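What follows is chain A paired twice: with chain B in the first complex and chain C in the second.
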Partner chain A sequence: MAEHRLKPLTPLGHDRPETVSIGPVTLTEVVDQALASLAARQGREEEVAQKAKAAGIPLPAAARAEPGTPYGAFWLSEQSWMVEAPYASHEDIRAILLPLFGDAASITEQTDAWVRFDVSGSDLSAMFERLCNVDLRAAPDNLATRTVIEHMGCYLVRRARDRLSVFGARSSAAALWHALETAAHSAY
Partner chain B sequence: MTQSNRIAGGQIDRTRTLSFTFDGVAYRGHPGDTLASALLANGVRLMGRSFKYHRPRGPISAGSEEPNALVELREGARREPNTRATVAELFDGLSADSQNRWPSLSFDAMSIKDRLSSFLTAGFYDTTFRWPASFWEKVYEPIIRKAAGLGAMSRLEDPDQYDKGFLHCDLLIIGAGPAGLAAALSAGRAGAQVILADEDFRMGGRLNAETHEVGGMTGAGWAVQAVSELSHMPNVRLMPRTTIIAAVDHGIYGAVERVSDHLAVPAPGKPRQILWRIYSRRAILAGGATERPIAFENNDRPGIMLAGALRAYANRWGVAVGRRAAIFTNNDDGLRTAADLKAKGVEVRVIDVRKGEEVVDSSGRLGLKSVTIRSGGRLETFPCEALGVSGGWNPNVNVASHHRGRPVWEPAIEAFVPGQGDIPGLAAAGAAAGRFSTRAALETGAAAAEEALSDLGLAVPARDLPQAEDGAYAIEPKWYVAGGKGRAWIDQQNDVTLKDVKLAHQENYTSVEHLKRYTTLGMATDQGKTANVLGLAVMAGLTGKSIPETGTTIYRPPYTPVAMGTLAGRSRGQEFKPKRLTPSHHWASEQGAVFVEVGMWLRAQWLPRPGETTWRESVDREVLQTRRSVGICDVTTLGKIDIQGRDAAAFLDKVYANNFASLAVGKCRYGLMLREDGIVYDDGTTARLGEHEYVMTTTTANAVLVFRNLEYARQCLYPDMDVQLISTTEAWAQFSVAGPNARRLLQKIVDQDISDAALPYMGCKEITVCGGLRARIFRISFSGELAYEIAVPTRYGDALIREMVAQGAEFDAVVYGTEALGVMRVEKGHVAGNELNGQSSALNMGLGKMVSRKKDSIGMVLSQREGMTDPDGYRLVGVKPVNSAEKLTAGSHFLDKGAAPVMANDLGWLTSVVYSPHLGSSIALGYLKKGDERRGARLRSVNLLAKTEVEVEIVSPHFFDPEGERLRG
Partner chain C sequence: MIINHPILGPRDAQEFVYLGDAGLIERPDGLAEGAVDAFHDYLYLRDNPAGEHRELWYHEQGDRSWLVVTRNTLTHEITRVELARDVARAKGRSK
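Showing the complex of A and B:
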């Protein structure tokens, strides 16, 4: 990317991402990821599926996430996904995706719309049952769902049995971090 | 004090001793004790004074149904009034105090009310304190409240934390007695996801209080074994100390888990209680039954209890409430108490209703000394310290009736049982279903689980139940002892007597709902668990109707009292709602900005500089400096919605009242949004970034509402349109840069040419800033100045404002807050929240021409309704005081000179008032009838609340630069 003289801040307002361990879980602020929403235009669904396949972009089924390199994705709604890629190589992710899909899809940069906190550790359900109405005990390992945590709309993306990402609005990063920390202290 | 009434046996840990105090006196107990069992072990029967008459009272139960033994538990900020001693788990250092007494529990001056009881009957307060009406709130009520009542609040902030949470299961089992345990074992062995909740700290229910064998061992021993097996099942969650308080819709149950109430202080970071929302596919109510008393004269002395409670204290807690006891029963279960007490060496006298015997009175001022027995027409006195009364058992139907279903009368047990199917997916088992033997409890519990398993398509395991007693429950109805002259208590918590019920009948309050409200029977913390059925049975007797015809009152959640803190959860103080911080928040905090809450956002309201002593000084400076040179304002909070798709332009034409199809790529346009009824609800600017790509801005307050409405329109109103929406509010840090030097400042930041030719008024384009960072610029103005909005990826927002402030130093650039923003928009006559008040049309706002009638848009048709187009209706006007030194007040109403300040003369009102440093006076916007015809008119602006009246002149709402020359500069 072009060199410029502006210095970024993390969603929590620092130079470097935060991390903290509480009992068996570790919370980490993740900033090295670019995001773009990808929505198939009407009547172009099949074409989008083909182009995504050719580009190596997974388009997981409803309420599911799929990892990949460089592209991973999780489901947002009917014919709509959030595409994930490394920030270092995909900072201007929309500009990279646009030529792959042409006018078959609507693509919107979402990188800084969200804060991503990764939570890892055993028995995550003990913590998340105090945060949101998602049944992690019964949920599959690649669950992706919208939920509400302390009044904040969030996406929950389960990466593995013992690891998940919480995506919340970037402006309320501090409030969301506080909610996660408090629940972890309460649960463990 | 010694534990003088402690006897052998029980499920307490005698290897450890716990110290506690009651009314300042030190006592000892053991782990496993409740406060009530420990006090009784220490010979303390008197634990409280009654609500109305201050009668001495002790516990009548050993559970959550307790009406009498209410205490203030703990001290300082953790003090909690009205705690039931019968369920308060003993811990070392516990301190409790009796309540509703003065100066002491044994000598209570207010017990004089007991002597005046013949005046203080049901309805006394309602009928006596009616006159004069004005005395009620200030005089009567405070006096009555002081005299009556329960415990006192600490009035300190609760230092504890409370959590809320969500649980999911195939089967929720409410109650861990024999029925609940049998159900849990069946379902757990079948692999179902099971939650077993019990309000007690020890699972087992009545098995812990009985001496019957179950499976060749004690009932309590079998319960321990069952709980142990369940605790090893990963699919079973055991939740002791958890009360199911409510059955809500769709298989959802509310539960309160007391995580730390048995500890002196919660562990750091741990909640005191958790309010759970449990999502269950099936549920079993195995909550047991509550014994009911028989009313007789003076049946409320400390030492008089329900027979099952007397037995529980002996069997579970190793406590003999007295060394001599009498048992007054109308059923076989009462005889069990007699047998168990005898086996423990207590001298027992049985008074069996079925043999024509009854207890007619009692004596003992602060505790029972004797009972008077009538047998075969003879009266005799039996000295005793304890009397166990059993009038039968009422199944705990409460939770099963939370959907307003009425319980069903079961004549065989003279009690109500849950109605079938009142709550979908919920079945009752064991004593809660009116099946009282241990064998029946185990069988019905297992059967309910098996039915749930087959409903859920799970394999049903072979039934494997232990041997258990299956005794008959022979009951002869007996509600009260007739003929007494004194008071016979029905509802001990509310001091409702047999006479009160009779009085209610005399006064024709015969419906149970009227009976409840007239006498207060069944109200307050115990919700009449021991009193309701007795009360309505008495009423049934008086009216000559049957008990089922008389019916019950409605059962409502919560099942037992819930602390307000538990309902609040984390939502208090600074955690009441999350905060949203703007990209410039850290910078603004460093400047000492004053923040204002706008929805969840914190926005800088103004940024004071050293030496400024009032907010007006700061705001005036920010306005003047912006208009003189250049000002910067964080406008990230405005909603931003990315709209793409082949039909994006057509879609915008639907959701905006004005035309958008004609908007060229690279241009912005101001738009008005109407509700379906034609009222304006939001406004903002939408930019066309590409052929099929737009970004819409909304007001901060309505960002979510607009997005939701757009989604609704897309999915439901125009599903055939190819439109995709996503919010980008948070993705971009956006700043307004306004003032004559705006372009000169921005040209130092922006890498491309932004001259008037390259970026004309209402133009927009994608650019780079500061040497290559991708950004967007929009030439739009809210302040009326030459102005731009510039957006960068949010992570660079902090760096950008610092860069702009540094680069702006040569122009004396200022950062302004929402207050200055408000001043400038009023000076320009722009509408905002105060004008978008949910009752004003575009015509009212002077924007009637914006509503295009050449196309169909949401709200267009109804905006043309009669009344909405009234030529005599309100119009937006500018207002200034005739005497510029006078201050206007928002909310003031317009009146003609000489007109009385009444509604008929009302001409409109002032919506927004600011001080304009540019004009040097207070100015306002307002809605005025025929406002557009009244330019130059002089009216009165009257505010009856603020008691102000100012003569005003009606002017154009465009106070500043009405031709708009500055913003095109």
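Showing the complex of A and C:
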């Protein structure tokens, strides 16, 4: 095999993940998580639920997220979830998940498709009401939903009352980061 | 306009994309007798009712499900929202 001397870059194009504090909120670029989408095949839903349980992979209800070690997950659509795991141990997450489910589920590697920005701080609703139509004041602490931020389709996954992750297309990472920064400056 | 999604509850219409008449679910069998006429009707003939209309909407910025929305074209009142999957299966169209 050829010897590659390539320098890994974060989605924002730097050596190290960005982090910035604006007023009471902190924005962090998260690069240590691997992602894979998991969709149960038609008629195999029960089987997938059992296999996921045996493997310790949570399959949360509609519009919800569930943390776990090593696997966490958030809901995408009916019988479809995004599975999260530490990148260090699950870099090739699809190859790890595939033997657990066999042909009962369709599993697609998603790590490099998305950029994840974590936002933490009190009163996040003041910031996100400027960005999207999700009502964080009324939303539960384990909400997971798709929404639109500055014309970009994103997943919003709430980890706790004061902490959430925004997943956007990795190719639009800088635009999404700019949108988050701008909203934070505007809100606080 | 708010569409009351069967799984996710009330969602703003900006998250959805409109396709057209719900009759598009009933795609004819291309190998059956008279398929050409059936496809002509399927492709070109639409009712344009002033009143209740069943139509297909796609929840693109949500759970990416197809919905059959019953909407009054005069008042925009939405009286019923179903998953297109359930509608198609009820007609025996999908496995």
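Quick note on the criterion: the second predicted complex is superposed on the first by the 182 of 188 C-alpha atoms of A that agree within 3 Å, B and C clash if a C-alpha of one lies under 4 Å from a C-alpha of the other, contacts with A are read in each partner's own complex, and residues count from 1 in each chain.
The working rule: contacts are C-beta pairs under 8 Å (C-beta built on N, C-alpha and C of every residue); 3 or more make two chains touch, one makes a residue touch a chain.
Remember, predicted model here, so these are calculated numbers, not experimental data.
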item	value
Partner chain(s) touched by A:Leu98 [first = chain B, second = chain C, both, neither]	neither
Which superposed partner A:Ala63 touches (first chain B, second chain C, both, neither)	second
Contacts of A:Ala49 with chain B and chain C, given as first, second, both or neither	neither
Which of chain B and chain C A:Thr145 touches, first, second, both or neither	second
Partner chain(s) touched by A:Thr111 [first = chain B, second = chain C, both, neither]	first
Chain A residues touched by each partner, larger count belonging to chain B or chain C	B
Chain C-contacting residues of chain A that also contact chain B	42, 133
Of chain B, residues touching chain A in the complex	161, 163-168, 193, 268-271, 274, 277, 279, 570, 575, 577-582, 585-586, 600-601, 636, 642, 644-646, 692-693, 720-722, 724, 726-733, 768-774, 792-800, 803
Residues of chain C touching chain A in the complex	7-8, 12, 14-15, 60-65, 83, 95
Interfacial residue positions of chain A with respect to chain B in the complex	1-11, 13, 31, 37, 39, 41-43, 80, 92, 103, 106-114, 129-135, 137-138, 150-152, 169-176, 178-179, 182-183, 185-186
Complex contact set, residues of chain A against chain C	42, 62-63, 75-78, 133, 145-148, 153
